[in-house]
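We just call them A, B, C and D in the order they show up, numbering each chain from 1.
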Amino acid sequence: MIIVMQKGAAETQIEGVVRRIKELGLKAHLSRGEFKTIVGVIGDETLLRPELFAGLGGVESVMPIMKPYKLASRDFHAEDTVLEIGPYRLGGSALGVIAGPCSIESEASFREAAVAVREAGATLLRGGAFKPRTSPYSFQGLGEEGLRILQAVGAEVGLPTVTEVMDVRDLEAVARYADVLQVGARNMQNFRLLTEIGHLRKPVLLKRNSAATIEELLMSAEYVLSEGNRQVILCERGVRGFEPSTRYTLDLSAVPNLQGVTHLPVIVDPSHATGRRDLVVPMALAAVAAGAQGIMVEVHPCPEKALSDGPQQLGFEAFATMMKEVAAIAKAVGRTLQTPVKQTS
Amino acid sequence: MIIVMQKGAAETQIEGVVRRIKELGLKAHLSRGEFKTIVGVIGDETLLRPELFAGLGGVESVMPIMKPYKLASRDFHAEDTVLEIGPYRLGGSALGVIAGPCSIESEASFREAAVAVREAGATLLRGGAFKPRTSPYSFQGLGEEGLRILQAVGAEVGLPTVTEVMDVRDLEAVARYADVLQVGARNMQNFRLLTEIGHLRKPVLLKRNSAATIEELLMSAEYVLSEGNRQVILCERGVRGFEPSTRYTLDLSAVPNLQGVTHLPVIVDPSHATGRRDLVVPMALAAVAAGAQGIMVEVHPCPEKALSDGPQQLGFEAFATMMKEVAAIAKAVGRTLQTPVKQTS
Amino acid sequence: MIIVMQKGAAETQIEGVVRRIKELGLKAHLSRGEFKTIVGVIGDETLLRPELFAGLGGVESVMPIMKPYKLASRDFHAEDTVLEIGPYRLGGSALGVIAGPCSIESEASFREAAVAVREAGATLLRGGAFKPRTSPYSFQGLGEEGLRILQAVGAEVGLPTVTEVMDVRDLEAVARYADVLQVGARNMQNFRLLTEIGHLRKPVLLKRNSAATIEELLMSAEYVLSEGNRQVILCERGVRGFEPSTRYTLDLSAVPNLQGVTHLPVIVDPSHATGRRDLVVPMALAAVAAGAQGIMVEVHPCPEKALSDGPQQLGFEAFATMMKEVAAIAKAVGRTLQTPVKQTS
Amino acid sequence: MIIVMQKGAAETQIEGVVRRIKELGLKAHLSRGEFKTIVGVIGDETLLRPELFAGLGGVESVMPIMKPYKLASRDFHAEDTVLEIGPYRLGGSALGVIAGPCSIESEASFREAAVAVREAGATLLRGGAFKPRTSPYSFQGLGEEGLRILQAVGAEVGLPTVTEVMDVRDLEAVARYADVLQVGARNMQNFRLLTEIGHLRKPVLLKRNSAATIEELLMSAEYVLSEGNRQVILCERGVRGFEPSTRYTLDLSAVPNLQGVTHLPVIVDPSHATGRRDLVVPMALAAVAAGAQGIMVEVHPCPEKALSDGPQQLGFEAFATMMKEVAAIAKAVGRTLQTPVKQTS
């Protein structure tokens, strides 16, 4: 950590900063420039917070030089983390495709979607049972009945499953029924939920909040990792921008940006990011070209009749066509889609 | 709701839209322009969602003409909601001042702050017991011991209290100890928490998420209101912007903007919005001039030693000076600060 | 255009709106709902501005239903515009690759770069002569001497050239030396410059301003088109976002989003968008996968010694490697890179 | 400037950085931490750019510790700059009020507005002759005829005048007719225009671009200052945000933020920032409370009939009422409005 003193800071103020550093068990290193004095902190700054110094007299600015996350960092773990989820891998060079309807609306329609996405080559089945909805008057999901359907259909078609957990009180149930727990963008900084998930030994798919920086996303992952659960998947799903014609602004540069600093798998959700069916496919292909280790796409038997997010869900045919293009792009960048397993019965 | 059909939409597509409207128990009204056909929906659209139509064939865009919130709207309740919190009012022309340290660090230091802010004219005492922290390695608050201190000191100095609840599992305890429950910006769309708070009959201070629109904030308020709890205070505390020298961008225009469409009290938190002591006072004064019905300011006996948010907390003297300026501005815009009650013993 | 009247708007206010519509030579169509009255405007609204109605008494909101641009729209010109630039095409299914150094620093180094990018398969040579720099103390470009070098080297290697024009007073000179005129992001709404360029009959590469919506970009294109110059190329180069680790946030969804509403070619500049060499290649590949009709990449003989934008420029080897990957992705999405022409001597 | 080397950077890479520093005539200072090596640059870094180092091998990040602007900085000029504009002052504790219609539409209506704003206490008369309009089909202003009206009416009512210059070719004419030159937000980084204005000795009102940081605004001011024109007024007029119900997001914290680092006067334009009449007055009051040294408000004889920006212009009565509130707030924060001069005849 580098502490820049104000021009003309008093000697006693500089001493105050040095004293605080020593109190924290670290060493200080002074560098007196022509205009300003700089104090360097020597030692492990992982546990330091800039605010310990920013409020001291005479301090102009505080610049961390180490990342505030540790377990999520490539400095700590250089190799890509590769997760085993059912018969598939996610991370490294393995490309995962998560697909299924936004919400589970009925067992029949969910089965229909599950069969279709497996046939087209998906490796993980998604479906919402507990739905975060902006309006209290919107469809809120089937709840535990939805979880039961998810598990039953997943087993039937031979795909591992992922679904969102919104409430610590549901955690035990969701973990019992699903293979991967999803933490939604709105809960990315629900720190109590993250801590509880950290106690499990199940993969968690952590979505980036629409106002979160790359570093904040990694700090949220650190909550899970620091409790002992090392199976975290990061998901870019759009940041809040000013463009009125899309729901969010998909920040695809987050993919290589994250991959440069973390070993965790990074996937992209073009459905929620854009909110528009005509943009989902181009953005899914772009995500794969950018190096994403997975994509998550909403697929519905009849998007026009979906109870939630109809305008962004793909029909079966559009999804199957997209998968062929995904495969071609994946090959172009030296990756291969994993072979779908046969139905387990 | 207005549904604009694409140029050249087929007659059967127009009929499809009309059929869907009728299925929902509403009436359709067609207007065929030179270039495009417009379908108007007649009836109560409060429960309609644009996505029910956006996915239909031939639809170009869907424009709601009624607000998606109801109980929070001035259309539903024209007069300002004025809450009674202990011996003070909040809302309408009454100006509330919420002050206290970011976190409760010890009973002694909290008492010191409480006495100081009451003397300077605060009407509500704040102090964090459960702290949402970006890093798992930062101070997380004293927990229930903090709640106990909050209640004891509040009673001692005669100020009602407000503190944050982060987890549904803590709700019962927080509601037992505090007079007002705060929902932090990161939990603004924790819908399960909002629903549970809706079952209480206690005031809730709901902070705007840094990526939330005015409408999304009001939809979150609607979650609480629709469960029967009508005591919601809205708080602007900065939106995520691109300026690197402040923590957030305080959106003060949200104050009159919200007051135009809702009857709920609107307050401003300049401390979290700016993250900088030198900006807190000017922004607090600006908030009062803009018509805010309250301000919430962090005050600490010794900001330089605070365990959290040191750089943005005011010392006692700075707070007392600010309160004199707040009083002058309040008077200039036809409002008066409420008289502090005497110590209750 | 749809005009929504406030709940309880007076009959005279509704009449006022209808009168204004008639004054403008258009027809009004009233629809009285249960709660609100809606006034539809029938006729060509292209020349209408919402503000003609937004200020009238009793008006709640004004919603345009037609796009405010005309010549840039697919409604006006359904087929993709394909430009012929020297021996290459840009637009439709032809993929253009624009490459070269940020600034022209000397004839020798520019020639070196030109030869390298042509060998690797670029179809257009870029190089800045007039440089927009945030600081008055930074290198401002070689000016007209730079233009001369650009033209000479372009002719030598057989590549058409593109360079930025910052000032109407330079327009004549830039148009004399270069094949394509670039309007930088900071000048996207320099309407006087756009109008003058509209009088030329040369291709213009118009960069999206970092705060411009899709619609604003198209309105700026409309300035050029409406003066008679139909050769406009649109370029996405990042929007202003809150992420501190990249210079801008590249909005790749703008590519299919624009292509849905306009016939003009859309290209992507990953160099300026990210400002980081490690992100340029993944984002270039992603742009091609998303359907961009061209990419523009900064290439320098020795990026570490560049006088401007060193950290984002690629070396020759990195560019050549990228071009192989670009070709593979292009093929995967059914496109082919154009064959480089032989040196013209 | 602090250069942080990557963990494990080679000794030759560190030497490369040190060599570059010495080549630039500055001294290097090494600090080897437990994890990373830090290189400090000693000497005047004003002319250094981070990119001179960011591209070097082994460099992780480059952190400037001095501001990149000099003449605009309080370090260079500690006292507030106070401008004399006709019989009024702007800057320091003097509060200026700039008012008038968005565009000059006719001599009669402009005179009517000028008389009204002078009577209500304005100190500077605004009126657009050259209008930057998003659409080529919108009213573009009266041009030089507008300038003539501006000058004639200003002289008549005894108010100095301000108007926008959009094009270097108009600069001479605008400078001949008007007392203050305005550079609009869209031209904030039109560096050629800024340089030319720097050659004049007239006050310039420089508006912050909607995507510009505080530092970028000051760098643009530096373009003018470094050419010798020291009369620069900075104007906050809203940044691009995600809220759909206002045109921009007014960043009022920019006022004290700027005043902390620069000696130049800072004013606020609530009309363009919000685009809504109901928000203009609260934001004007808030600006004064926040310490702005001036406000700029659009006033029109009949806002409902304005040829541009009707929805945001105030009528005469609303403006006069606002001025009384402005005076009360100004007094509350220890300032006084300047006495309007008598008509000069």
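Worth a mention:
Throughout what follows, a residue touches a chain if its C-beta (ideal position, glycine included) is under 8 Å from a C-beta of that chain, and two chains touch if they have at least 3 such contacts.
Note that the coordinates shown come from a computational prediction; the quantities given were computed from them, not determined experimentally.
In this structure, the chain pairs B-C and A-C differ in their number of contacting C-beta pairs, and the larger number is found at A-C. Chain centre most remote from that of chain D: A (centre = mean of CA atoms). If you average the CA atoms of chain C and of chain D, the two centres end up 27 Å from each other.
Between chain B and chain C, the centres computed from C-alpha atoms are 39 Å apart.
For this pair, chain A with chain C, the centres built from the Cα atoms lie 31 Å apart. Counting partners per residue, chain D has 211, 240-242, 244 as the residues that reach two or more other chains.
On chain C, the positions that touch chain D within their shared complex are 46-47, 49, 51-52, 54-57, 68-69, 132-138, 166-169, 186-187, 189-192, 195, 209-211, 216, 219, 222-223, 226, 240, 277, 303-304, 306, 308-311, 313. On the chain D side of its complex with chain B, the touching residues are 211, 213-215, 239, 241-246, 249-257, 260, 273-274, 278-279, 282-283, 285-291, 325, 328-329, 331-333.
Taken together, the chain D residues at the contact with chain A in this complex read 2, 4, 7, 29, 31, 33-36, 38, 40, 42-44, 61, 63, 65-66, 75, 240-242, 244.
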